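Here it is: the structure, laid out below.
Read from first to last, the chains carry the letters A, B and C; within each, the first residue is number 1.
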Amino acid sequence: MVLIALEMTGLAVFAASGALAGVRARLDVFGVVVLAVTTALGGGILRDVLLGIHPPSALRDWRFLAVPAAVALAVFAGHRVFARLRRPMLVADAIGLGLFTVSGTATALEHGVPVHTACLIGMTTGIGGGALRDVLLREIPLVLRREIYALAALAGALVVAVGARLELPVGAASAVSVIGAALVVVVRMLALWRHWNAPVRADHPGGFSGGSQNDREH
Amino acid sequence: MVLIALEMTGLAVFAASGALAGVRARLDVFGVVVLAVTTALGGGILRDVLLGIHPPSALRDWRFLAVPAAVALAVFAGHRVFARLRRPMLVADAIGLGLFTVSGTATALEHGVPVHTACLIGMTTGIGGGALRDVLLREIPLVLRREIYALAALAGALVVAVGARLELPVGAASAVSVIGAALVVVVRMLALWRHWNAPVRADHPGGFSGGSQNDREH
Amino acid sequence: MVLIALEMTGLAVFAASGALAGVRARLDVFGVVVLAVTTALGGGILRDVLLGIHPPSALRDWRFLAVPAAVALAVFAGHRVFARLRRPMLVADAIGLGLFTVSGTATALEHGVPVHTACLIGMTTGIGGGALRDVLLREIPLVLRREIYALAALAGALVVAVGARLELPVGAASAVSVIGAALVVVVRMLALWRHWNAPVRADHPGGFSGGSQNDREH
């Protein structure tokens, strides 16, 4: 139950991040919907392919299609409210990262893979949809860029994995999931807000082909 | 039989679209062949991965490699005839979209997945190869851009799925496949020809990182 | 044993190529690690997904994560030594291509697929990680560009496949693996060094959206 609620919320916020990115890139309404659905479902499909779940659950349950499509249409309709700013997209992306990392880790553990494999698959679930969104829009994925991103996801995955090891009662396990997701969001938002940056080789000549161009709007 | 004929034709036209895009991007003859083969096989491999067919049929049957490679070499040799124009690539892409959407939907139905799952997997089969081609050439995929694309594929997938529900005799089922594919091509070509565009948020400031640059040549 | 040694060396050199490309693109230390790990594991994960191995072995064995992460940190720390030059990245990429093509072909043969399928899956294993690296950095993948690349991989895959057909004793089979990998590296390095280029349609008008921009630094 908690897992499904987390996943549905994750779908909605990742769909919003995809739709906002699509509006910013001047896609039409269909492109915005396709991009939002791809962003929302990408991580979960990747998880199911890695775990050997056929066909992926995101393609079996119609709600997995309906929720992101509805969110995309709402964003397209109301884009004036927030689309000029890059920030709402980044916030939605952070929440989706947290929710999908946690649900991906939990799903992998349910399928009996080792703990560290579950953490990696959870991270991939969280990172996958946003990476796909960025590649489709020809941007260097957020996960490769300035702020703490993969590390935030890893922290959340570890919380869930440790919780599973402790064999907590159901209620406590649900609480651990929520705490794991919240940890990802808090770390990621703090990194964005405080401009926590990891070291870059600033003395490197670099050049025009680098990713710097994408960072202007931060 | 009809399914194999549809697939082989789909392979040839998608290979042509990949080869034309490769020549336009000034790839050498090997790059053109690799891109053509990837474009032709990408959708079917994606379909088989989603359905859990291992190894993908496109990697088992040598004709799946020979047909696109031969088409790519022919396009490379005769590129002067049509390569300056973007149009032949778009026409080949539309035909491939129709054929692969239909064969992907039918293959998914044969594997016993629910009807709406089959439609989604069929769409993915149709869209996958072209999206891969565009990402590899650093273009925003056609499916995200101006004209009706995913919607055309969805229409064809629905025709096939409804046909399967009606439990028609074999001959009629084959006819339905052809009608589904033709519907995709007609809708897509009409959209290209009449410049049917879905609403875009034109008042949006956009900027330099958007997809507008790709649309110049339409 | 030989297969594991080949894979670990392949992981290290592909990680180095990914890390060097990441430093060049001015990613921070986390981005460099993520890109290096993705480059190193991408081909093997693709191979396991195509063969239906769940979860992919790269996500089960912790050394598959530790080796590329350590290499990435070392490259980041010592980037001044070589990062200004594109050449070290290309050399590491060539060695990784050889090692992964050979280990991918051998793994596929072990899973009982037909010989030509094993060659294709071996090529994909070799090409996959580098292609993913280039797409994430918004470069047109090496495999589509000027020098002999896929053809070098194909030669190595064929050597391994023919060796397997001959049913050699274990020692000789290991030697064949090493010869296959060495052949890929030699062909690829000769192509780079002697600027062996396949024909391009130089008379083609091309334009600004092509891949020429990436080739400046060769």
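By our rule, a contact is a pair of C-beta atoms (placed from the backbone, for glycine too) under 8 Å apart; a residue touches a chain by one contact, two chains touch by 3 or more.
All values derive from a computational prediction rather than experimental measurement.
Student: Is the contact between copies subunit A and subunit C built from the same residues on both sides or from different ones, judged by whether over half of the numbers are shared?
Tutor: different
Student: Suppose a student superposes the Cα atoms of subunit A on subunit B; what rotation angle should they report, nearest 5 degrees?
Tutor: Copies differ by a rotation of 120 degrees.
Student: From the mean C-alpha coordinate of subunit A to that of subunit C, what's the distance rounded to whole Å?
Tutor: Here subunit A and subunit C have centroids separated by 28 Å.
Student: Pull out every residue in subunit C that's touching 2 or more other chains.
Tutor: 49, 52, 135, 138-139
Student: Using the touch rule from the top, collect the residues of subunit A that touch subunit C in their complex.
Tutor: Per the stated touch rule, the residues are 49-52, 108, 113-114, 116-117, 120-121, 131, 135, 138-141, 143-146, 148-151, 197-201, 204-207, 209-212.
Student: Quick one: which bits of subunit A touch subunit B in the complex? Just the residue numbers, please.
Tutor: 22-31, 34-35, 45, 49, 52, 54-56, 59-60, 62, 65, 76, 79, 83-84, 135-139, 213-214
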